[in-house]
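Chain nomenclature is as follows: A, B, C, D and E, assigned in order of appearance, with residue numbering initiated at 1 for each chain independently.
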């Protein structure tokens, strides 16, 4: 039963990006009143290219955040931001490296001496790790920062491009053709980089554990509904952002489903914190000097909230 | 010019009935539409108070002014009694306008000067707002029409616009500007602009009035009318007037005293008291006293004028 | 009947001229668009580089509501920021003009403030003002005030000192001289800055919307950009260009009404 | 005269520094006094520390960004003035060029950046183009306004001397417009640097914008502010240089 | 005014040795530094060519000019023969400057006019560059110093700057501006600005010269010198001159003909031929012919002046 109006608690969720199917579950939960039922009056605030979710959550401007990923959580902790991760959304690395099937790059070892573009925000370290694994010195590849557009790759000015599975990959598929591409998955090289982390401030974690639990419960419910009825979920998204390309959003939701239910989540359910995957990312970043020292994993990742929801409720 | 005109027609041919004075009189009666109240009163004007013992309204001692390398004024000494009408003549570029700027409080003279207002030692800036000043260039504001340019000083005094406009509108016909109240400065002729600037100065009623070549761009008749208007205002309101002109006839005809300035650096070369009785009629310019005065003044000015050409010939 | 025909004969001389003046740019625009359309098709330029104008139009017409809502929201933010920025700009110019010491102390910092990219403090703005219209207006304000200050100061310095002296001789105080002389004299220069500021304010609003928002042209632009929806990018560009031209025309119109004396001195 | 000007600008520089110091002091005090964490507002001393730490990379980036902004600035000034002159000389061009320029300028730089990056690549060329576009509009507007501001009576006079359009332009309109053009140039200095930085943030190989972008993502606010301070110094120097030129050549006001 | 001055001192007191003419002569010899070449030649000047049969240099028929609601000129007819020096007088605001603007090619008259240059039908704009024009307001460019303002017209003609500057520098002393070549207009007195504008006009050598109140802000002596300079230039270079003044003495003393304009809307009220022999000496102003002419002209002007006050009195 919905909580009485006077018991409602105001809270906000800051996304890492604009409204799109990547966040469908939260919008479905909101639309269906799941947060209300838990007594939360939730506002969903979209993010943007220059908005740091960690920052907004740490300063208390937003209660919850769906932030960049393990990389940004580590960086924030490393810089002393009092934030805690309460759940991981994408269980495996959400991006892949893409090359033309008929191009010069067939294996990771072929990256050597080729022109590769990637994001210098973590993806570059994943790439370096992948190259190191096959014995290629990252310095031997021509690694360039990646711009907004994938056109240089489409035009073959670039041999390897980085793409999120749910967004750029769609565009590349559309423009080059799915069958004409080779994908290089970090996990195949033993590198994992879970992203899209749910965070709260240390203060919230300490003072309002039940709020967090309620939020997680409603969110999980929303996500399960979204995956159960994708059309309805897309409708909700399209209502908010009518200029989006529906087909792309459908693709996105499918891909996001894969990412969210991969790895440990397949057994433990949505938002599971896989300490091994997180730990490997931690080591990777420390190794490349992105963070000054390995972060205290237990302080940064608090699974106690998500664990209050039984796994069977979280599994699809 | 006007005075010269009148002089000539009066003595050269007595039959010149239609000379300037005659016209003015005709105008005063024939044109019912023009409020020419000044004409009737003009003949009844009393001689100005020029008591020697009176304390000067304003007194300058040892006033110099240097602009970079140019010394415009040098050790100028002058004192003006209340109620006097003093005219100033001198070669072009000798520092007349500079003197006025100092008297209006706009320019501080070089240090070491003495400037006394009603006996009280002051700086030039103390004079701001105490003097009604008409600059040589009209300085009308391009975004204000005739009437609003005329009331500028009144507005600054705090008079409500509508009241100020009413006052100015009444004056327009006397300045030959009726019907032009809504025109902007760029739509006016040179003489009309000067008359607007003149109106603006007259509307700003202060004890000391400084007029820098106010009638330069006016034709003979308009000039005569403006002179009469000035004398009337001066008499009626006991204002003190300082008046720059290049017209020696005008200087003598109007002034209680004529100051002749030297070539740059300007100093007072000659202080000529004009002891012609008032009211002065137009034909006074033919009297031997007038002509003698004029001769003295012309000699003095021309000596200086020549100097300024010699000096600059270096 | 006769009355009608005379008015039709006399009045429209001016109004046909005006209609003509209004129609001419539109015709030019239509012609230009047609040329691009033909060019794109003839040269087979791929839509990723330059989509056909008709495709852009179709894109807008597919979801006109979204564009209209974005336009309205962005307009509000821009208008708010523009008005605030202009007022503040003029105010600062007045202060800097009046107190030279203050100008020398702080004007450089004003310049410095403009060199800080919005992204550096956009988050702070969101922090303080939340995802509100006001937050965007603040950014748009921030971007638009400096040109106003600079040009107003320039306008002030172009005042004839003798004119100031004249006003002083009337006993005018600083406020009166400001109101009756400096401000009107600075108007021509001020309007140049206002035109510039109207464009900048729009840019500010759009960029401001990148700091987490749901409606606005900035949101549409961002979405299109990161989804590589080139037609969408162009559609948003066209809509914001229209808004920008509208604002600009508004300022120009005001200029023509207010600064009627033009170059006369 | 020149000595006077020197002491004048010396005083101005002194005052400017004093103002900066004042703000820096307030900043430092509030950052330390209120114990603000670095992600809200790092203290001035820590920023200076960061400045020293990253001196080498910042200097390199600064050169890169300065080169971009300067090149774009020069091109933008020339294009803007040329367009304004064109529009003044050929009034028919006004109804085409003016709306077009306004339209182009009404869209944030960043909206074009995907396109410009696409067309001109990620190197300096794209930044120079973006800066040139932004600067040229400001200069364009200022220049037309200046050229139009000329006193009609003076135009009449020199036309009576037989001056053609070009002579009127060269001897009357341009000198009359000069104060406004330079004011536009002054405003543009700041814009040129910021546009270069913003474009770099969207895609570049080097430059302050690039550093800022990286630092934001690494949540290294000290570095962000250090880069911003470098950017500000560039703009300020640039601005000061133009102001100096202005005082030298627009002396008659 | 100057002429009036001379007239008075010459007839009122013969002993006034130091009158303007005497001064000029003294100046010509005593100050070796001043190039006063004009003085020596002045007396040898030949009478102007005023042959009636000659084709007019410029001819206006039916010329009107309307500014919004103000009709400045109405059906004006005028024709100027080559080599003539024609002076124009009329009440302030009657359209004199407007007429000059049309003749300088700056303002197109209302349609329906006839404007013939050397017999060829033309539009006003055909006259651009063919006339040397001195406007009523000096219109000096604030960013050019005295010398560069003076050479503006020469520069536009394409003369190299150095050559133009050299020519202008030579002229400076004659205009009483020596030593001021590097000053900027805002550093000059009113009369000095006028002299710079005058120099600029003289340096632009054209058949037709239009001077709009060129000597308004000058003192008596400077004015006399400039008048003589003008007559000299006119004679030596056979230029045609049109000259606006408010000084009737000046108008008669200088002109072959005097045009009197009516009050607004301006028309030619009177075309008075001045058949006084040339060269005219300063004392000509006392001759009965001069005085008779003056009387006629004054009557005509003042009638019009009055009208303009009556008209505006509505």
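Everything that follows uses one rule, which is that contacts are C-beta pairs under 8 Å (C-beta built on N, C-alpha and C of every residue); 3 or more make two chains touch, one makes a residue touch a chain.
Worth saying up front: this structure is predicted, and the values here are computed from it rather than measured.
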Shortest walk length in steps over touching chains, chain D through to chain E: 1
Most widely separated chain from chain E, with each centre as the mean of CA atoms: A
Chain pair with the most C-beta contacts: B-E
Intercentroid distance (Cα basis), chain D paired with chain A, Å: 38
Separation of mean Cα positions, chain E and chain C [Å, integer]: 51
Computed distance of Cα centres, chain D from chain C, in Å: 18
Cα-centroid distance, chain A relative to chain E, in whole angstrom: 88
In chain A, residues with contacts to at least two other chains: 50, 52, 55, 59, 148-149, 151
Numbers and ranges of chain B residues touching at least 2 other chains: 137, 186
Residues of chain D engaged with two or more neighbouring chains: 40, 114, 118, 151-153, 201, 216, 253
Residue ranges of chain D in contact with chain A within the complex: 37-40, 113-114, 117-118, 122, 201-205, 210, 214, 216-221
Touching residues on chain A, where the partner in the complex is chain D: 50, 52, 54-55, 58-59, 68, 72, 75-76, 78-81, 120-121, 144-149, 151-152, 290
Interface residues, chain A side, partner chain C - complex: 14-15, 17-20, 45-52, 55-56, 59, 61, 148-151, 154, 167-168, 171, 175, 240-245, 248
Residues of chain C defined as touching chain A within the complex: 48, 63, 65-67, 118-119, 122-123, 126-127, 130-131, 210-214, 219-220, 222-229, 232
Residue ranges of chain C touching chain B (in the complex, touch as defined): 160, 162-163, 165-172, 176, 180-181, 184, 187, 260-261, 264-265
